[in-house]
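Some structures are shown below for you to check.
One chain, chain A, appears in both complexes that follow, with chain B as partner in the first and chain C in the second.
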Partner chain A sequence: MNELIKHARELLESGEVAAVIGYRQVSAKRTKPVIITDPEETSALVFNEYCLNNLAVYLTKARIKLLCKKNDKVLKLAITAKPCDVHSIVALIQENQIDRDTIHIISFNCHGVAKDFGFDFNGDNLASKCITCETHKPLYYDKLFGEVMETPQASDTAIARIKEIESMPHNERFEFFKGEFDKCIKCYACRAVCPLCYCQRCITDKTIPCWIETSSHQRGNFAWNVIRAFHLSGRCTGCGECDRACPADIPLSLINRKMSMEAKNLFSFVSGRSLETPTLVGSYNEKDNDELFM
Partner chain B sequence: MDKQNWEPKIAAFVCNWCTYTGADLAGTSRLKYPANCKLIRVMCSGSIDPVFILKAFERGADGVLVSGCHPNDCHYNAGNFHARRRWDFFHELMDFIGIEKGRLQFSWISASEGKKFADVITKVTEDIKAMGPFTAYKKMNSEFTIDFPEEPFEILKPVFQENSDKETV
Partner chain C sequence: MDEKIISRDDLLKICQDVIEKGNTLLTPGAADYSVVKDVSKIDLDASALPSKISYKSYVFPRTEPVLYYKRSKNDVQLIDVNIDSKKIVILGAKPCDANSLNIMKHLFNWDYSDDFFNMRAKNFIVIGLMCSQFDEYCFCTSVGSSPVSEKGSDIFLIPLDANTYALKIITDKGKEFISPYNGHLKSGDENRSKRITENVKLPETAFDSSEVYEWLGENFESPKWEGVGNLCLSCAQCAFVCPVCHCFDIMDEDYSYTEGRRMKNWDGCQFGNFTLHASGHNPRDIQSKRYRQRVNHKFRYYVNKFGEILCTGCGRCSRGCPVSIDIKEIVSNCKNDQKELK
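Our next item is the complex of A and B:
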């Protein structure tokens, strides 16, 4: 931990970075995101199993970008990121939302995080994304901390649930999702917390003409959740923040995971893994599968 | 209306340059095809947003057809290539949330394929006729309701009473 604080302090004191986005401890099993511009405040920085937030969401915010502009110079932004958050950063770089040169990635050898604040960190309370995680060491970083430790073992319940839904007939599936989406209160927490939902104006905010009904009735909820899932298909890096943020416990990451599986099946593409490849839906290949079309 | 006489409503999103012109050719060639498809002309298959399709289902369409130029024939060079990737995803998503794959169909029809246009329309209409009406989406509740308990302020009652007592004193 001291290394992290020392490194952040050096970065800020040298004037290389304008701010460090990191985590601070608020209680034993809870952390909060913090944006530090003063070297004296770096002592608050921590990294542990309760650093749940995906801080990549802040990188595209206009107010954070403003922090970097000093005396006509654009300073770097340092971010502490788990290896899975690095995927989100990579996806943002791929989509030209941020520049790799302006981001200083401080990352860690990760052995998983808890599913939510307040839970003990063990196999039963492991976040579902960590169960199938293959990147315990980040793919891209400027500074790496932390020892390599073993991830607790747990069974993958999400994939079993997807299989279960797929085995239902269509009308049952429709009723299932109708019921799940009906719980939605349109708080848009899923949108706010998603690093890839960076549109200045979301399609659901555009109401003339009104494509997605803004009321929180069944029809409006259904349209919003389907379109949200579609806009993330082939892009979602699987950080699972939408699931954690949803106050109505809608299994959002279930649909996201299903669409990621499709991206892998159809195009052998996994989002946010390589800076060299173009994005999936932003590019095309003339030899793509044509079976769908008559 | 009994099921025998039921006619499906199908929204067809067609591209201006190929499929719509193909439909024109089908008409001028006096080809016969079912009248269930309502053609909606758009400039390119790449400009069809999935919300259009969702809206069509929401407004009671039993099926949707999306049709554009053959690959490499796009008037805008790459519009249909982009569309193709998008539809692959959307088709899978619709299937996963419970809308059968047959209700949403795709085709490439060029301006010279009047016969193919008539055939595709016939096939889509027959497919959807066999599947029956799709009312689940249209029937969805579109009114915002909250189920309040009969006595919403049960918990607060003692508090109110306490206060009212004080006021009288």
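Our next item is the complex of A and C:
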């Protein structure tokens, strides 16, 4: 931890970065995001199994970009990111939302995080995304910390659930999603925490004409959750933040994971894994699978 | 105060009767207050934390039609909505939830009497249950309530042992509700329940709400709002899980060129669109102004207008905040110059 604090302090003191986005501890099993511009405050920085937030969401915020403007100069922004959060950063760079040169990535060798705040960190309470994680070391970084440690063993219950839902007859599957989406209260926390939901004006905010009914009834809830799944298809990096943020406990990551599986099966594409590969929806290849065309 | 004793079995018999008469019975769970179909599954747990979502949607639904319309060439016909006003009994309401309708009713009867809210509130029976649990986010004692507060309950239960409750009849509505079941009640001993309520551990008082009120009046332009404004991601989780947040938006939904309905939908002050004017101007254009509004509305504006704090101290907004913004911490730190709001 001291190394992290020392590094962040040096970055701020040297004027290389305008701010460090990181985590601070609020209780034994909970951290929260912190945006630091004063080198004195870097002592609050931590990295551990309770650093659940995907801080990449802050990178596209106008107010954070504004922090980097110092007398005509644009300074870098430092971000502490788990290897999976780096996927989100890569996706944002690939979609031209941020510039790699303006971001200083502080990452860690990661052995997983807890599924939510307040839980002991062990195999039973491992975050779903960590169970199948293949990136314990970040793919891109400017500074790497943390020891290499074993991830607790856990079974992939999410994939079992996806297979179960896939095997349901259409009407049963529809009933399942009806039940889940019925719980949606349209607080849009899923959208707010998603690094890839960066649209300045979301389609649900366009009300003249109203494409997605704002009402939180069955039709409106289906419209919202389905449009979000479509808009994230081939883009979602699987950070699972929407799942964690949902106050109604809708298993949103099952939907996003299923869509990612489709992208992988049809186009051998996994979002946020390479700075060299163009985005799925932003590129075209004659050999692309065209089974999806009607 | 009229205090009785009731056994758990007798309480469940009353619940069974409530359901058989076609009324709705709600009890709190971890996620939500939900409709009870099988009384044997009722688990009245005084040591449970507040459910993730409050029960306000049963009186102020997240979406509902307020009128239907039909358009013809030269005319618009408006059709009224029949308000569903079934009796709803909430069994085991947390004291921090029980007072929510009393706080919200000021708004819904301010410059206009909202039939939708009033009709439902009238048919609400709130059976409160003493609370014996709090976590780091609870702060009911800082906003004038407590885990043993009877405020807002029509009937209040205090667990005496695993199978017995002291039952206090608080309001006339409560008296009327319980009178058909008087046979199930035995006379109680106030001292016995008092010994229990007096020994309940209370969450420490985190702030003095009158000092917060003063600070807010003098610090509208405080740079302190910037910290929390940078952190907040502008969702409405806090407003939608809140037992007393009551803002709504009116939207027309057309079924066709000639027919449609006007909807009243929950809205949240942290959304950028909330104050966006038709002109394109937005008086709360940045997040720090929106968060400032949330705190001011709860701890100053509502007090000015209706004499009550628009907060019950349940801590739901903080417990569920995706970026762990803790309103108790924000409000406690606002008047401390050494501490930032974030």
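The rule is short, and it goes like this: the second predicted complex is superposed on the first by the 290 of 294 C-alpha atoms of A that agree within 3 Å, B and C clash if a C-alpha of one lies under 4 Å from a C-alpha of the other, contacts with A are read in each partner's own complex, and residues count from 1 in each chain.
Note that in this section a residue touches a chain if its C-beta (ideal position, glycine included) is under 8 Å from a C-beta of that chain, and two chains touch if they have at least 3 such contacts.
All figures in this text were calculated on a predicted structure; none of them were measured in a lab.
*Asks:* Once the shared chain is lined up, is A:Lys178 touching chain B (first), chain C (second), both, or neither of them?
*Replies:* The answer is first: A:Lys178 touches chain B but not chain C.
*Asks:* Tell me which partner A:Asn289 touches in the superposition: chain B (first), chain C (second), both or neither.
*Replies:* After superposing on A, A:Asn289 lies in contact with chain B but is clear of chain C.
*Asks:* Is A:Glu213 touching anything from chain B or chain C once the two structures are fitted on A? First, second, both or neither.
*Replies:* A:Glu213 contacts both chain B and chain C.
*Asks:* May I ask you to decide whether A:Arg100 touches chain B, chain C, both, or neither, giving the answer as first, second, both or neither?
*Replies:* Neither partner.
*Asks:* Considering only touches as defined above, state whether A:Lys6 meets chain B (first), chain C (second), both or neither.
*Replies:* It touches nothing on chain B or chain C.
*Asks:* Output check: A:Lys69 vs chain B and chain C. Expected answer is one of first, second, both, neither. What do you get?
*Replies:* Touch status of A:Lys69: no partner.
*Asks:* Is A:Met259 in contact with chain B, with chain C, with both, or with neither (first, second, both, neither)?
*Replies:* After superposing on A, A:Met259 lies in contact with chain B but is clear of chain C.
*Asks:* Is A:Glu241 touching the first partner chain B, the second partner chain C, both, or neither of them?
*Replies:* Touch status of A:Glu241: second partner only.
*Asks:* Share the list of chain A residues that count as touching for chain B in one structure and for chain C in the other.
*Replies:* Common to the two interfaces on chain A: residues 213, 215-217, 220.
*Asks:* Okay, in this complex, where on chain C does chain A touch?
*Replies:* Where chain C meets chain A, its residues are 31-32, 52-53, 57, 62-63, 136, 227, 229-231, 233-237, 239-241, 249, 251, 253, 263, 265-266, 268, 271-273, 286-287, 320, 322-326, 342.
*Asks:* Show me the residue ranges of chain A that touch chain C in the complex, using the header's touch definition.
*Replies:* Going by the criterion above, the answer is residues 26-27, 30-35, 53, 57, 61, 63-64, 67, 117, 183, 185-189, 191-193, 205, 207, 210, 213-217, 220, 241, 244-245, 247-249.
*Asks:* Where on chain B does chain A make contact in their complex?
*Replies:* For chain B paired with chain A, touching residues are 49-52, 54-55, 58, 71-72, 78, 81-82, 84-93, 95-100, 105-108, 120, 123, 136-137, 140-145.
*Asks:* Give every residue of chain A touching chain B within the complex, in rising order.
*Replies:* 165-166, 170-178, 203, 211-213, 215-220, 222-223, 226-227, 229-230, 233-234, 255, 258-259, 262-263, 266-267, 280-281, 284-286, 288-290, 292-294
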